[in-house]
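So that you can tell them apart, the chains are marked A, B, C, D, E and F in the order they are listed, and the count of residues begins at 1 in each.
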Amino acid sequence: MAAMRTQIVSGRVTPRFAGIPTFCRYPMLEAVDHEHGPVDWAIYGVPFDGGVTYRPGARFGPRAVRDASQYVKPYHLEHGVNVCEVLSLADAGDAPVRPYSIHETLDAVYNFARNLAHPETKLFAVGGDHSIAYANIKATWERRGKPKGGLALLHFDSHLDTVDEVWGEKWGHASVFRRAIDDGLIDSKRMLSVGLKGPLNTADDVTFARQRGITILTAEQWHRSSREGSGEVEAFVANLKGADTYLSFDIDVVDPAYAPGTGTPSIGGLTSAEVLRLLRSLKGANIVGADVVEVLPDRDVSQITALLAAHVIFEVLCLDAVRRT
Amino acid sequence: MAAMRTQIVSGRVTPRFAGIPTFCRYPMLEAVDHEHGPVDWAIYGVPFDGGVTYRPGARFGPRAVRDASQYVKPYHLEHGVNVCEVLSLADAGDAPVRPYSIHETLDAVYNFARNLAHPETKLFAVGGDHSIAYANIKATWERRGKPKGGLALLHFDSHLDTVDEVWGEKWGHASVFRRAIDDGLIDSKRMLSVGLKGPLNTADDVTFARQRGITILTAEQWHRSSREGSGEVEAFVANLKGADTYLSFDIDVVDPAYAPGTGTPSIGGLTSAEVLRLLRSLKGANIVGADVVEVLPDRDVSQITALLAAHVIFEVLCLDAVRRT
Amino acid sequence: MAAMRTQIVSGRVTPRFAGIPTFCRYPMLEAVDHEHGPVDWAIYGVPFDGGVTYRPGARFGPRAVRDASQYVKPYHLEHGVNVCEVLSLADAGDAPVRPYSIHETLDAVYNFARNLAHPETKLFAVGGDHSIAYANIKATWERRGKPKGGLALLHFDSHLDTVDEVWGEKWGHASVFRRAIDDGLIDSKRMLSVGLKGPLNTADDVTFARQRGITILTAEQWHRSSREGSGEVEAFVANLKGADTYLSFDIDVVDPAYAPGTGTPSIGGLTSAEVLRLLRSLKGANIVGADVVEVLPDRDVSQITALLAAHVIFEVLCLDAVRRT
Amino acid sequence: MAAMRTQIVSGRVTPRFAGIPTFCRYPMLEAVDHEHGPVDWAIYGVPFDGGVTYRPGARFGPRAVRDASQYVKPYHLEHGVNVCEVLSLADAGDAPVRPYSIHETLDAVYNFARNLAHPETKLFAVGGDHSIAYANIKATWERRGKPKGGLALLHFDSHLDTVDEVWGEKWGHASVFRRAIDDGLIDSKRMLSVGLKGPLNTADDVTFARQRGITILTAEQWHRSSREGSGEVEAFVANLKGADTYLSFDIDVVDPAYAPGTGTPSIGGLTSAEVLRLLRSLKGANIVGADVVEVLPDRDVSQITALLAAHVIFEVLCLDAVRRT
Amino acid sequence: MAAMRTQIVSGRVTPRFAGIPTFCRYPMLEAVDHEHGPVDWAIYGVPFDGGVTYRPGARFGPRAVRDASQYVKPYHLEHGVNVCEVLSLADAGDAPVRPYSIHETLDAVYNFARNLAHPETKLFAVGGDHSIAYANIKATWERRGKPKGGLALLHFDSHLDTVDEVWGEKWGHASVFRRAIDDGLIDSKRMLSVGLKGPLNTADDVTFARQRGITILTAEQWHRSSREGSGEVEAFVANLKGADTYLSFDIDVVDPAYAPGTGTPSIGGLTSAEVLRLLRSLKGANIVGADVVEVLPDRDVSQITALLAAHVIFEVLCLDAVRRT
Amino acid sequence: MAAMRTQIVSGRVTPRFAGIPTFCRYPMLEAVDHEHGPVDWAIYGVPFDGGVTYRPGARFGPRAVRDASQYVKPYHLEHGVNVCEVLSLADAGDAPVRPYSIHETLDAVYNFARNLAHPETKLFAVGGDHSIAYANIKATWERRGKPKGGLALLHFDSHLDTVDEVWGEKWGHASVFRRAIDDGLIDSKRMLSVGLKGPLNTADDVTFARQRGITILTAEQWHRSSREGSGEVEAFVANLKGADTYLSFDIDVVDPAYAPGTGTPSIGGLTSAEVLRLLRSLKGANIVGADVVEVLPDRDVSQITALLAAHVIFEVLCLDAVRRT
């Protein structure tokens, strides 16, 4: 079987600093031989940052993540799985965007995503700001047969992103899950949001989430949970019982020391070791689509933010690989 | 009551990247309407770094902290308090300084501070190097009626700052608490110093602190305490029984990964999540004055140090707000 | 007379690294005493970058220019004029913006600008991306009594900014002068554009400019002109015969070595000494409005771009001061 | 004819910050349709820095130049030529390298280059350190039919690179032209070296060049020539009478202010405007192969060095395009 | 006895920002008076990075570590020991290197090291890339009388460095312990490797280590061990029973947030506080030689990586000092 | 004779990135053999920045210049002189400083300098801020026999530095030449100041200079002079007729693009090529002492400012070497 998997160019043949970078050195989708059959995951960039409320620049995120991902190898030591032996993976390039219009961009990305590769291919979007997750979620939801009630959601973020509107605009990186829930793409009762931190505008900022039954684990709560080993995340995943689950990772859930390259950094976040532990604790979840967003290269330092984002891709793919083996 | 509080400009009206920055977008003291009555806290900058023993540049600290603080909103999720609903807050501008003379600067800052706003207004100084804390402590001590024995002190720092003199000079960032204790402004027996780390010149460097009964929790001890939940800090605060307490936060108590922008960085420090936990554990303390010092923007990275300092201001104000509610 | 001028705080009293920064330390418009009468120039920021075609981030430009301008003193050595003795100057804060909509932003800035201060006060806008110039030009044109045929224009830029539309959008930083000419605000026959450089998409990119009679001096032509002292710029200014003239300065006309902090840098530009020489050669022009745009702090280096922009403000103000004396 | 040229993706369709970057957005060689016939130039990277005598890191040069080149459009304003209408151009990816061995690397690059695309396709190598030029020169020389006496050479560099050996090694970035001359690939009597600057080890460092009749124009001499318009470069080119000429551009010929991202920077160099003027003054030369080398991204600032290198590629291609039209 | 120790210049006499920097301000070996007798440790730099598989630049590591080490004082607060009162210490300058040849370099470093100072002087090498550890290990092994079976090894690294060869080369930073074990310098059964993290090429990458009985504690395992206090490291050290032990510290074991300045960063690493705890837990080990490697200044941020490396030197020296007291 | 010159370690033996850096790799004064006789120049650092009026940090200047100077070789191509064959040169380490007191520092530096090496040895001070020049000038003046009327002065600076006092202090980087002239160390009538630029506080700022007959060539005047070849500088030097001349070079005379690493940058300055031309035009001057000051590494970019300063040292030494040959 492995012989039919898409292959990556070994760093022992082409050095990892050479060649035109694709995500984790996976082949371009257009270059994948027909004999491979459908790829399991298509990873694509969305170079758009028109949905931000503070600092723009995440449009350069996909390029930075591709660049930093060259050192991501395929074998996961802790899970004991080689992602390239289990999965066929491809870089599908960047989705079309319309820099001046968030509405046209979401349409364009959605249209790109829903037809991408084979219907069974799962979609991994690399932002760009968080607003673009809507398009990937919608395409994923459709490709999974429009499950009633919506997909379950594992959300890692410093913010809830359930604001109704900002400056009179209902689409943006602060309202992405408000829209996805309102449109039935995400089931708020099966949504876990980990990492909320930083001061809010008012106490009302969490009202919607509480009314809709979103499970919140603030950064402080997660740190306490982590110290005490109380296992809230594992329990949440177990309760999902293998339902179709989307994973959305906003890099600002990580502390600015580890991820300075983002637009609305907030102190008190997770370390990268904690991110790994958290993602690995999701073992068993049935991830059917994912994104990593809000990498802003102009604020990055020695590419550490982009490198972290590249590893998030890898860890999520491994969750799927582990589940299949 | 809240209607009488000073208001901040909402980021939903004026974007947080717009306008001339004041600390956390609080109004300028001179612009506060008379109807507000006295503000509860006046926050002011002290752009002075003539007291350093190593790298200068903290004179640009206040400007950097104001800039980074624009994303600090008013509602504290863990304490459940909106600082702007409980407290009237204002930015009082920068104290006058005399860049060539630490003695004249301390006099000028002290004179500025002791007469600032209303006598009941509490003072928050933003450095500048740690030497300037003396002036704010002295003004606070006087405004609180010169409590006999001095104020209690919660001190967070990589260094004790109780050196007698450096290069023949008795005033500077390494001797600030030696002077404050000698002058009766601080009660060494009610002083807690958290975060001491890094090699010392000699074993004698802690002698004064031990002789005077300062409670020391080194960084390593704090980390152990934190893992084990032994609660030394909470116990110390409880023992203060609401006495007038000054809080002094040297940003170098944080690890250089989180606070590279400082003049004498020392590895092995707290993470920003630990800083938050530590500050939140002070709940119940009666903070009557405070400072955050040693932010050096030229060594900062993507403003993460200044952002952290801005959150320290917020967390300390929330301690006061929580106590009042 | 000088006693009635707005005053700046001397750096010999308040050090230049202290205090909350306004443009060149000029007073806030709201703080200017009534006795001063109308200020001659109101300088305001426009923190908007929704009109860019490449790299965003210029929304942070006004804040960066204010910060870097603290070392700009008032006496111009070569012109022999003290700008603060001749002119009353004020910082009018930032215009309101709508980050998600270029149309709403242009409306909001225009409405802010046309009513700003006294009708005789001239307007200086600090961007933000070049798209915002339209609003300042329109307000200036109206405040000058809507001169028929439009204002004369001195334009310094690496690009012509006369594209009709980009990605289907007619408003943006590449089309600002196309719109201003089409709407009769600018007289293309009295428009000089200096500094065009870098490859174009097609030969047609200069067609509009040539058809409308815009005088173009490419960067290469200007360098040659400068070496040979052929005086094209001085001749153009002389031909304006004192007509109302708007000056628009896109910082990317300068070489990236001198102005790395911009969104569409193009090599082969002017040095800062050449910029000074060029601006000083405009002596005699009747500048009635101006802007400096496209400062992008996240790409800047040691604030040299913002410092240069601050000097552009000063040099333009001096042109007016010289003319009045 | 133009219809048969290779096309670039318009920035008006795919934004210039989107997609996987190739040199100047030219198509990948492997993706060029057969109908195009042979491409005129194949541009390829050589990610190797094992030949340096000081600071390594240029192995990341090709990737950085591709990234920075996305804003290089096809129409040359001063030459009046659209490079994509005249030439078929392609990115041929990176040559294979052997990071631990300069000898094996030169062999591998040479083997890659001599068989690349069609025999009439010209080769443009993007370094990497200057040592790699040898391989591209040798392949070019062979593909041109091994012209007796060797190719003419236009060399732009802060150093002569004619050292015999360094640390006992005869191959490296300081000896590349010594080897090429010794091996008959370059005709020293038709070699022009522009830009020599910085102190030398001894007076003997120029002996070889003088003995072999290399024409040297030091940076100081070029500056003087430029001021005085004495036309040495144009005269040299004219004397070549259209002979096959190789062009080698070491980015350190430019001043560190314009090209900080290089391994052996030397002050007193050309500005980028002077580089453009110099390259444009080569009009008429018959360029049959070229390289741009020594871009070291880790020392670059806001990508200005890589951007300059990208423009060098464009300017050289335009020289060829102009000659053909 | 203390009077005979080598002395450091007090920062209270010569400020720590003054003077030509040696490691931790220890005297140059050549300047140590004869009366001191043999120094206990000679610390030397190895400015070589020809063994890397990814990003070069560690050749500038020794200079950066010397520079950052100026603030490292001699008294260890937690161990209660003054390293300069117990040990005679000296900076022995840099070992000779041959930048173009890893084989010649290892020979040159080994020859330099084996004859350095007095036979009883212990050797501390500061890299440079990890390949250079081989030379220091070999010299140490010989100077300790070639203990049969080899030295015990405490290895801290994100990688095992037991690859057999890379690109056909058997010497390099990925194979250093493979060679040392094969040559009998290191006893694999008494080798502890802490910190392995990041994806591997294949599951086989750990086969050699497992076959040879190397004790591995991955980063994730160490974090768990640390949380649970299971004491694996202390137990390993206790089992060594005072055997001659070499300590090799690759800075990339630390997280990139704390050590961005390295060539193959890998997320999920230790914090600097954890590094201190880990090193202090080695108390009782008989360290007879050591290195700290892979500091790459061009990727560092505010020197935090180099500062951390300087503290690693100090902590290791203190382990020896503690053992002697 | 040359055999008696102090020697530098060849970069062909010890690579230029290896070893502990001294200025231009000249030997430490203390290590110079007696057989060399007195060295011709002693170069020493003055790590002091207590005299600044704006941004501090130049105390780290000497260390940065030493570091960047490692690539400065000895043979001057344009002058045709090998500085190490003509002169004996040594690095004398850093002068003692008292960071908290400018008065004590100037005394300490002066005392250090006046007794340094042999009475005939000339002194080159590397700052530190410009205030320290006073001490070197005074020591030079005394060592030259206290020439009546004072030394001639060639001064390159963006500022005149003839302010009487700042913030009530008469000693500082803005008043250094006021003091030196008042004290008879410098002859104002034989003082040339090149490079004045940037706005001044008032027209009076040049009054003192004009009253005392200082020859001023503003940056704009120098640029014009340079274009026109009017030779003012050469004429001034010729008029000195070989009188003892001190040269003081403030790095801020250079444009911030070339020298971002300085405390009071001012746009419109010289390029580095112009600096070289200017310094070379001093040929014939009898330089008996010199300094280069105001390098502030924390604002530098890829060390280009420090590299430029290192070349200023070299160029000045060559002026002396040329005069002797």
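Quick note on the criterion: contacts are C-beta pairs under 8 Å (C-beta built on N, C-alpha and C of every residue); 3 or more make two chains touch, one makes a residue touch a chain.
Please read these numbers as outputs of a predicted model, since none were measured by experiment.
Novice: Give the chains in contact with both chain E and chain F, ordered by label.
Specialist: Neighbours common to chain E and chain F are B, D.
Novice: Chain D and chain C are one sequence twice: same or different residues at the contact, by the over-half rule?
Specialist: Different residues, largely: of all residue numbers at this interface, under half are found in both copies.
Novice: Can you spot which of A-C, D-F or B-C is a repeat of the E-F interface, where more than half the contact pairs line up?
Specialist: Residue-number overlap above half with E-F among A-C, D-F or B-C: B-C.
Novice: Taking the mean of the C-alpha atoms as each chain's centre, how many Å separate chain B from chain E?
Specialist: Whole-Å distance between the two chain centres: 38.
Novice: Please work out the Cα centroid separation of chain B and chain D, and write it as a whole number of Å.
Specialist: Between these chains, centre-to-centre, one finds 56 Å.
Novice: Whole-Å distance, chain B centre to chain F centre, using C-alpha means?
Specialist: Their C-alpha centroids are separated by 42 Å.
Novice: Can you list the residues of chain B that touch 2 or more other chains?
Specialist: Expected reply: 15, 17, 53, 55, 59-60, 99, 166-167, 227, 255, 257, 271, 299, 301.
Novice: Mind giving me all the chain pairs that touch?
Specialist: A-B, A-C, A-D, A-E, B-C, B-E, B-F, C-D, C-F, D-E, D-F, E-F
Novice: Okay, in this complex, where on chain E does chain B touch?
Specialist: Checking each residue of chain E against chain B gives 10-12, 15-17, 71-78, 80, 82-83, 227, 255, 257-258, 271-273, 275-277, 280, 301-302, 304, 307-308, 311, 314.
Novice: For chain D, which residues are in contact with chain E within the complex?
Specialist: Where chain D meets chain E, its residues are 49-50, 52-53, 55-57, 59-60, 98-102, 166-169, 172, 298-299.
Novice: Taking the complex as given, what residues does chain C use to touch chain B?
Specialist: 14-15, 17-22, 28, 45, 47, 59-60, 62-63, 66-67, 91, 93-94, 96-97, 99
Novice: Can you tell me which positions in chain A touch chain B when the two form their complex?
Specialist: Touch residues, chain A against chain B: 53-55, 166-167, 196-203, 205-206, 218-220, 223, 227, 255-257, 260-261, 264-271, 299-301.
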